[in-house]
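Shown below is the structure under consideration.
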Amino acid sequence: MDSIWFKLLGVVVSFIVAFTVGMTYMGLSRKITARVQNRKGPPFYQNFIDAMKLGSKTSAIHHGVMQHFGPAFLMVSSVMSLMIIPVLNNGMWFSNLNFHGDLIFLLYIMVFGPLGMALGAGQTGNPNSAIGVTRGLSQMVGFEIPWVMALVALMIQYHTTSIVDLMNIQVESGTWLIFSSPFAFIAAVLAMLGMFRYSPFDIVGAPTELASGPMSENGGKYLFTMMSSASVFAFAKLTLYVDLFLGGASNLIELLIKTFVIYMIPVLYGVVSPRYRTEQSIRYFWGWPTFFGLLAILYAVFF
Amino acid sequence: MINDKNSQKIVDFIQNWARKHSIWVLAYGTGCGAIEIPPTMTSRYDAERLGVRGAATPRQADVLLITGYLTTKTLKRVIRVYEQMQDPKYVIGFGSCTINGGMYYDSYNTIKVLDKYLPVDVYINGCMPRPEAVLSGFAKLQELIAQGKANGAQKYKDNLDWYRENQKKIIPNWVMPEYNW
Amino acid sequence: MSFFDLKGTVKPLTALKQFGKKPHTISYPKESKEAADRYRGFHYNDIEECIGCGNCSTICQNAAIDMIHIEGVEGKKGDSGLRPRIDHGRCCWCALCVEVCPTGSLSLTKDYLYVSDDPDSFLWTPGVDNPEGKDKISFYTTNEISLNDFKRIPMPELEGMERVKSFAEVVLGYNEEQARAEASRCISCGLCTEACPEHMHIPEYINAIATGNDADAVRIIYDNNPLPEMCGKVCTRRCEDVCAIAVRGEPIAIRWLKRYATETALTSEITREIVNPEIKEANGKSVGIIGAGPSGLTAGYYLALRGYDVTIYEANAKAGGATMYGIPKYRFPIDSLDKQIEYIQSIGVKIHFNTKVGKDISFKEIYDKFDVVFMGVGFPDAWSLGVDGEDAKGSMQAFRFLHMVNSGEKVDIGDKVVVVGGGNVAIDAARVSRRLGAEVTILYRRRVEDMPADWEEIEGAEDEGVHIVPQGIPIKVHKDEKGHVKSVEYLKAEMVPDERGGRPKPVAIEGSNTIIEATSVMAAIGQMGDYSFLGKEFEDKIKIERGRFVVNDKQQTTDPKVFAGGDAVNRTADAISAIADGFKACKAIDEMLSKDKN
Amino acid sequence: MDELKTKIIERIKANFQDATENNSFNYNRLDFNVNKTTVPSILFYLKDEMGFKHLSHITCVDWLEEGELELIFIVWSPVDKIKVFVRTRLDRENPVMDNIDMIWRQAHTYEREFREMFGIQFTGLEAPQDFLLEDWDGPPPMRRDFHTEEYASETFFERPGREDAGDVREEIIKRSGEEIPDFAKKYSR
Amino acid sequence: MKKYLILQKNIQDKMREKATTLYLGPQHPGITGNMMVRLKVEGDTIVKATTEVGYLHRAFEKLQEKRNWLQSFTLLCRFCVPEPDPVEESYARAVELLEGREVPERAKYIRVLMLELARLGSYMLWYGGQNGSLGLYTMGQWSVGDRNYILDLFEELTGGRIYHMYIWPGGVRRDFPEGFEDKVLRTMDYLEKRVKDYDDLMFDNAIFQKRTQGVGIIPKEKAVEWGVVGPVLRGCGIRSDIRIDDPYEVYDKLDFEVPTAEGGDIWARALVRRQEVRQSIKIIRQVIEKIPSGDYYNPIPNPQKWTLPKGDAYARTEAVRGEVGIFIASDGGTKPRRVHFRGAAYVHGITLLENLLVGENVADVSAIMNSLGTCPPEIER
């Protein structure tokens, strides 16, 4: 069972699962948003059709080699994140390529994608993309602080940098981390709002200001890659949250339920919120989320 | 193995099906018809049901809506925008103005016959077309896509010289504006 | 960040309650909302009702409406035979075309959906291409909300009882303001010009009046009518019958407007000044005209303008023919006619009065003297009633009666007059008799609505106290001892529909004999010609059929040198037809003679 | 209102000799005709001394037959609730006018438009030549001697298919053989 | 010292030249229509804004010279599409002023009803636009969807959803259809309920407040001079409304308030509009209550021969965007000598916008444009 091939197979399967689930979730979020907006909304599988259509575009204009890297880096970053996040907690299936210290590696790799985007967007020469990327990076600085704090708090509290270890602790103790380290959870969830880039933190690609920002010069296959990587990444992030705070999941159904519940937080909050300006969102993240992050660390250190 | 012809057919069918059900509309209100786009897109008529949604930039869009008259100044931008869009792409002409000039048939600043300058796939009758008409325009486009008949982009490529000639006739300064990235 | 804004964070979340509510979406195309009852969708045109006036096409500011020939619609008088076709590449659905449609045939429907990939398929002929639209009409006009003004500006007239006191003109004429207002009702479609025998330029002169250019109006009128003032007063105005506005309302008062325009030229000198006709140099040819009636005067005037030497022979002391002697002066004052005759004479037309052809001068003489002869001899005789006792004293021809009154002779008619007939002559005779102080009864075979006289005249007569007895067939005139008319006996009639589809026939009811007292009886049932002046030689040459000259479409009789016109030729027997004949003959004569020259 | 109008007329006439008033409107409106050189000073005066703070409109009318362009400045006093029309006439051949965008900044936009549409030169107006039009090389289009329909039919394509259109009047004439003299034709519809 | 200042200015100018140029429009989702704003940006701050218009120039005023007085009327509603009725109203009133034509009392009430319904409809669009520019799309979905109910009323009354072509010289085109009053009242009931939901989502929203307060401030003392009108001016704390300053139709017989708010920022303007929606509903209720019976139209003569006396007239109407006026000049003929349209956006969308944007954040451009009610077709005509 520990064979590397088996694990790689797990990675491939979890990639497929992540893609499917991520896409469906996004479709569902569109549907739910629509219902809140008093309308029927598209079918839940609409995102698949969109992706297929984008994939079937016959021409793709690009502005240079670097533009290819943007979506590629995004994809790489999403897949790599997914590779090291264990999907299920039974230790057998889909535990993927985790290792000791993967939490720290994850912190790095999750930033990697947007950086790649920055390169790609820079190449397009579209000022909207450039500004969008700048905003994205500054905003990232905002939400990374509470996010890192929350993770650091966990690391301190449980003396481990491995996700699997954290999962095992939850399984063994029977208490989810959401209860044993609530401040870290709050900080992480608030940071997650920024990570998902739904309203109010969607200034990066705000259509009314930047004409979809970094994406503005990417159509067809580029957009297809971005879309799929976004859905994979969304699933990876959701799984990570479930793994860290909700004790992981022992089977797929449980995983789906838990991730969906988590996913609904940014979606529903996004439906009713206008977006923050960049500096406002940074101020937001450095306010209460950071405060909770600090509390979490203090809690971890002193209790 | 399935032979190439059949497989091509199947691929075409699937692609056309996807294209048909996912129509991204470029958010470019070129004329007064843009006023009926918000009602079409919002809760009452909700075009998203049919897979129609807005796209912020030409790169991402499939459909260019020419919502009514085009002034020569806008035409220049519209051509630019159209050429930035990626294949397969479609053009829907809204209302009278795109067909034969509409109300502004004797204006010195608006074009009358859109299909001399851009290939148009579907025309919608009205001034302005109501949301129902807009939706049925989309439905017609979907039908044409499914049949593989919505090939305006191909026509444009094949007859580029002819289109260019017509375009240049009314756009004296063919240098695009400075935001020519 | 300041203090945590709890309300500002939680309040918006209440919006999520909408999640459970029913969506507002109409799942078009599965379900769809019907358009409003007043929706302005596609056009629908009732092809049968439409008269092709083209007003829609004119009002359309987008030039979206073309008038085209369509299959199955033939033009006729009062219908151009064209029907509107809408270019949906132009239309803006403003519905102004509907608002101005005089017949109300054009309307908009609830249909609005049409999507196509073929840009050339947006030309529609409403009513032909969308017959189903008939049931979906939504935006239409009624008489009240139409932009057309269906109400004629009322013509100021003398009071009914005031009128009978004298022969003063009943109709007072429009003043400037009224004329402008009435003229601006006209939609300038021009359908009327076809109905006018003379094809006067009606829309043009009405438009000139509407825009305040009365002089131009006079010039346009004189372009093909030298007796417009007469027409302005007494024309039978078939133009008004086909007026587009008349389909749903009162026609434009074309006659009164002509009258207004010509009256602005007060004297013949002023008329000459305004019209400023271009008189061609004398070309040495001469034309002789018999009868200074409307057709003769017309032919004379225009031939004179074309440089011919024109001489008219008139039996009476005054020119004008039937318009002078047949029309009572309260309708057509003598000054007004004099003015026009003067004007015509000033152009160079010579008129020999009191010269009866066949008596004072022989036809042969005229025939030989002139290059061409035109005969506008009219109908000097009248049909008699053909009943017993018609030879009684006091029984006369209405036509003669009018002639006598108009020439200033005194006629004794007593105090009770019975006029038999329903035409204009009958009404005229009745109204003149009223003015002479008699009580008048009109006896007519058919119903009042069948009367050939103008409705205005009939109404006028009724206003003046003329008693009309419809459906009465006179059978006998009773005489008193002195051989004078005592009373008239007549049978009541009932209307029996004609089996062959003609108008209903009156059939006398046996035993319904009624007697009215009378001091005189006037017959006004028709006139006839007297062609004895031609003499033997020409009676063979110039063919006469059913009491009228036989002419071709150029008014040429069977003798190529002789032309004829007026009542003696056409069956319509009105002044404007006579003028038309004269004008036509003038053109033909000009053509013929100028050909000779070359 | 009449009192107020009289007062305004008195004050304006005292300060600007060439101003002639037209007080025939029963509405809250008052007209002054002035020379074009007086316009900036009278507008300054109205705005700063008399409370006509709001520039409601500037318009230009082309009186082609008289060879003049008329500029009308409509100012509104929010206090007195009255509007004053300041009218001036420019020579159509060489229309030059003083720039007034230092009095009201928004006049700048109007001036740009009039420069483009009527060819009026405003001395001291700093703005790019193009405003509404782009690469326009014809005469100023809002002048009455520019015929837009002719220009449009020459420049832009027309969709074919409408050549069979008939005219009702012509159809009738064809059938009846009527001959309309030339001088009457201008009255045909 | 002076030398230093010049040097500093030179450096600033150099930097400005180097600043990133950002083009908002003409194809841009954030722009309110088809126009362009060229922004010079330093970081996220705008140092210079230049508008470029003309993308929608259809030469209406030229076309109107070629059309007669009635035909011109159909073009009017295309001047500003979101709210066409004030333009029609201005034109109708200008023509009536010039001609001295009386309008029946009932027509005046119907006109007020139309104008207020149009105001509501336009505010519904503004709700959507303002929040859309800030990323709160739910609001737009609600309000633009609810706007359809008002459009349904228009359809019922005028036969058109967007282009009503209803208010014309002499009165209005058609009378109320049967049962129309009830429908209006029902719609008003519904909207009253809905505006409370809007408040919860929008005005009580902390983020919305943060985004709008202190952004795009117009100084109160300069406002009138800068040509600010309508709700924007009232958002500066100045009580100015043509409906009360220069009353037309029957506004002087109706009871309504003119709301103002202090601050001159987007938030203040939003507050004004929030109140105006309620006032409009109130006016509509009053109209339905007070409307007299009688004629609705004083017919004009045959439109092809309809001439107006020589002279000129200028009529103004309070629209959502502010003062909307039509100037007409007649040479006594059947066609206008000149029709000139004055739109609020002509001032708001060019000089005021250019002025306001300097120093603002790039992210707020769209929000500011929406709050000013910039409407490009109105600018370009």
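Annotations
Should a chain be cited, it is by its letter among A, B, C, D and E, assigned in written order, with residues numbered from 1 in that chain.
As a working rule, a residue touches a chain if its C-beta (ideal position, glycine included) is under 8 Å from a C-beta of that chain, and two chains touch if they have at least 3 such contacts.
What you see is a predicted model, and the numbers here were worked out from it, not measured in a lab.
If you take chain A and chain D together, the chains in touch with both are B, C, E. Greatest centre-to-centre distance from chain C is found for A, with centres as Cα means. Taking each chain's centre as the mean of its C-alpha atoms, the one that lies farthest from the centre of chain D is A. With centres taken as mean CA coordinates, the chain nearest to the overall protein centre is E.
Note on chain placement: the centre of chain C and the centre of chain D lie 47 Å apart, centres being C-alpha means. One simple way to say how far apart two chains are is to compare their mean CA positions; for chain D and chain E this gives 23 Å. One inter-chain figure worth recording: chain A and chain E are separated by 43 Å, centre to centre, where each centre is the mean of the chain's CA atoms. With centres defined as mean CA coordinates, chain C is found 88 Å away from chain A. Contacts with at least two other chains are made by residues 34, 36-41, 127, 207, 211, 271-273 of chain A. In chain D, the residues that reach two or more other chains under the touch definition are 133-134, 141, 146, 148-149, 159, 189.
Across the assembly, chain E contributes 21, 23, 28-29, 54, 57, 59, 62-63, 66, 74-75, 138, 141-142, 145-146, 163, 201, 205, 207, 304 as residues in contact with two or more other chains.
The full set of touching chain pairs reads A-B, A-C, A-E, B-C, B-D, B-E, C-D, C-E, D-E.
Against chain B, the residues of chain A that register as touching in their complex are 30, 34, 37-42, 46, 49-50, 52-54, 56-61, 63, 124-127, 207, 211-212, 215-220, 223. Chain C contributes residues 1, 4, 12-13, 15-16, 18-19, 21, 23-25, 27 to its touches with chain A in the complex. Interface residues of chain A, counted against chain E in their complex, comprise 33, 36-39, 127-128, 130-131, 135, 199-200, 202-203, 206-209, 211, 271-280. On the side of chain C, the complex with chain B involves touching residues 23-29, 32-33, 61-64, 87-93, 112-119, 122.
Taken in their complex, chain D has these residues touching chain E: 27-29, 47, 53-57, 59-63, 72, 74, 78, 81, 83, 85, 104-106, 108-109, 130-134, 141-142, 144, 146, 148-149, 189.
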